[in-house]
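In the two assemblies presented below, chain A is common to both, partnered first by chain B and then by chain C.
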Partner chain A sequence: MSKINDFEHKMGAHCETGTLTSLFNYAGLEITEPMIFGIANGIFFGYLETDTFPFPTFIVRSRPGQIRKNITKRLGIKLFEQKYKSVEKGEAALDELINKNIPTAAQVDFFYMDYMPEWQRVHINVHFIIIAGEKDDKYIVSDSYYPRIAELSRESMRKARWAGGHMPPKGFLFYPVNVPQKIDLKKPIIKGIKTACRNMIGLPVPFIGVKGIYKFADKVKEWPKIARDTEHLSHEIMKINILLEDQGTGGAGFRFMYASFLQQASEILSNSDLADMSKRMMKNGDEWRNISYFAAKIGKNRDLGTDKLEELSDLIRKRGDEEKAFFTELKKIIK
Partner chain B sequence: MKEKDLYVDFSPQQMIYYVEKDDSSYGPIISGSQLSHDYLDDFYYKKRNLEKSLRDQIAKNEISPVYYYMILQELGMGDLASRVGVGKRKLKRHFKPSCFNNLRLKMIKKYAEIFNVPLSSMFQVVIVKDDDRKNIDIQKMRTNNDSFELLKICAVDKMEDKKS
Partner chain C sequence: MTVDDKKKLKNEIKELIIDKLKITHVTADEVPDDAPLFGQDNPLGLDSIDAIEIILALQQNYNVRIADQNLARVILESVNSIADFLEKEMVNEKQ
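Moving on, here comes the complex of A and B:
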């Protein structure tokens, strides 16, 4: 067995949307990654302080797996989805799918994707890849984060598919079994935007949506108290850049990709207001990216005094102000 | 952000970013990571310092290798406890050398599996002087015996001789 002949590897900004885009395109549906992200209301913000993570952190997208659930429901796509408690059964199921020439997505712990640069590999149980064949007892992998088709040993794949911990993969596999070839995207777009507005400004949770951005702005000033030392603080501050730019967001914490979605949505809905909102979101993304640059700079220079963290906090707070106004406006437009 | 303002030439870490193209449309480009391009040296500098500091703490009998790898691999305590299948209180006890030294081999193997290190790395850290890093290749090789590993040390030029 070797690579599934006609499967084409494509990079994606994000693993979940990238994987879905590749699978849907392979199944004959022409749809872009930003469109999947937007329809599935992937845009989000949450500030998290739990012992699941070694340090307070934030998320800029909806809960992993939610994009898959939303997009399939809203576009009427049917997926085969299965978790496997038994390693033997889970491996046999994957081998059978490869033999049937079916590119199949798997949930894995990113840490074991040993084709990725070492500095990128962290334990994240909600990474998604496509297994596109098998060669010399290694899996052929299409990973949205990797420029080329990659290979992964059976041992690494086993560890990655059955890693325990927070949101464990449990051998989860999925692939589309029924994909409509022509879909009217108008209603799903509206639904996706409405839900995104609700998530960002309408949920009564103090660490979610715009409230989460404000919480982040407040809490980042307290990080020196919980960091082990200056170098640890520098690392965590510089990770703001990673979380916004380099952890599969398409840049600026998914804000650039959401701007792209709104631009495409404005054309489909013939709505010029959405085109304006798209430009506004792109500018908002630029400011998020400035936060990334600023965090990297002060982290590298160990310039982490109260004044700099106040400055960082202000920059984040301003994003909260802008996104509050933005999603309030967007909600009115899409009504 | 405009394509020309975002693009970074850095082949070791390439990703998709969404940008404003010349024709004002928004779409994907492949670019290197700005952070890794500019600051990867600093990342490794801090990591080496952290490794040394934790290693010293193990040597002073202050922490166990479980704590060492948990911090180095940036695992949350709750996450690690769940991966190992123990409660957080029990995990905290495993941070203490006195408790770690009495752990069953099966449990230590489980930790090694999760940290993705050979079993022997739960008991020792191999240090190579900075100057010698380029000249020496060290590989820990697993065998069919779960409790027995081979440590292969090769001078790099010798390895190249073998290849040729």
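Moving on, here comes the complex of A and C:
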């Protein structure tokens, strides 16, 4: 076995959309990562305060796997998808796919991707990579977070595919079995935008969409009451930076990627209003990035007085105001 | 870009990083062009929070937006890689 020769490795902004882009492109469909993100209405906000999480947290995109489900449904793509309880069967299935020259995506624990620098590796069970071959008993891996094709030992792959913990991968594999070569993207784009607007401003759920941003703005001021001590609070405040910017979130809570989607959508739909909205979303992304930086700075310096948390809360609230106005306007444009 | 221009750009980048991150224990001359900026192989030894400050500083000073965090990791690998990125952006700007 060896590398699947005609497979082209690409970096991506996010592992799920990056993996799907590479697989679809390999299957002959020309589509960009932001287009997949936008059609699948990946943009989102949710403030989560449940027993599942040891401390309140937030999400800036739809839940893992949802982008895959939405994009395949809206573009009429059929995937092979399979989880494997048995390590033996799961490894054999992957080896067989490599033998058949089929680049295959796997869900893995990011921590075991030992080609990444050690300081970047954390346990995240919903990382996606593509296995694009095997050489000298090592898997050839295309990871959208890594600039080059990488190699991973069978042992590391085994640990990564059958890691325990929250949302375990359970050996999950998927690859496209039927990809239309030419798709009119107009309807899927409109559907994706409408659903994104509904999720951001139309759901009667107090912690989802813009309501979730406002809740985050209110609640962050109360975090000192629920944190164990200053160290814990600073850790949680710095995590705002990690969730918005790091761990492959596409930058500024995915807002930059959504801006790129709107730019491409404006060309396909010949709608210049969407190009203006793209520029506006780019500026919104810059402001989310400023929140990320502000949170990182006050967290790192343990500068967590009431005044600073009020300032952080105000910055977040302004994003709520902007996104409320933005998605209201976007809904009118796409009607 | 001439060799001298590139050298000047690299020096500007080093000064910018030192200035923005308020680094006092290292001068621009002591920062290697090719060593990783993050981790222990560079006298600056930066962390991921410093990374976002550099991204914002590059945007402010050179009008370039590094929107993708994975790409940012590649661009911010060393002074050389930042200079290569800015050179490319400057060429694109002119076209």
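To be clear about the criterion, the second predicted complex is superposed on the first by the 329 of 335 C-alpha atoms of A that agree within 3 Å, B and C clash if a C-alpha of one lies under 4 Å from a C-alpha of the other, contacts with A are read in each partner's own complex, and residues count from 1 in each chain.
By definition in this document, contacts are C-beta pairs under 8 Å (C-beta built on N, C-alpha and C of every residue); 3 or more make two chains touch, one makes a residue touch a chain.
Because the structure is a prediction, the values reported are computed rather than measured.
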Quick one: on chain A, after the overlay, do chain B and chain C clash, or do they fit? Just give me the call. clash
Counting touched residues of chain A, say whether chain B or chain C comes out ahead. B
Touching A:H123, do we find chain B (first), chain C (second), both, or neither? first
Quick one: classify A:G12 as touching chain B (first), chain C (second), both or neither. both
Touch check for A:K318: first (chain B), second (chain C), both, or neither? neither
Should A:R158 be classified as contacting the first partner (chain B), the second (chain C), both, or neither? neither
A:F111 in the overlay: touching chain B, chain C, both, or neither? Say first, second, both or neither. first
Chain B versus chain C as contact partner of A:D246, first or second or both or neither: both
Regarding the shared-chain residue A:F256, is it in contact with chain B (first), chain C (second), both, or neither? both
Would you please give the residues of chain A that touch chain B in one complex and also touch chain C in the other complex? 11-13, 117, 119-120, 144-145, 147, 238, 241-242, 245-246, 248, 250-252, 256-257, 259-260, 282, 285-286, 289, 292-293, 296, 300
Residues on chain B engaged by chain A in the complex (per definition of touch): 1, 6, 12-20, 25-28, 30, 33-36, 38-40, 42-44, 46, 49-50, 70-71, 73-80, 82-85, 88, 113-114, 116
Residues of chain C touching chain A in the complex: 38-39, 48-49, 52-53, 55-56, 59, 65-74
List the residues on chain A that touch chain B in their complex, please. 11-13, 18, 33-34, 50-54, 111-112, 117, 119-120, 122-123, 144-145, 147, 159, 163-166, 168, 231-232, 234-235, 238, 241-242, 245-246, 248, 250-252, 256-257, 259-260, 263, 278, 282, 285-286, 289, 292-293, 296, 299-300
Interface residues, chain A side, partner chain C - complex: 11-13, 117, 119-120, 144-145, 147, 238, 241-242, 245-246, 248-252, 256-257, 259-260, 282, 285-286, 289-290, 292-293, 296-297, 300
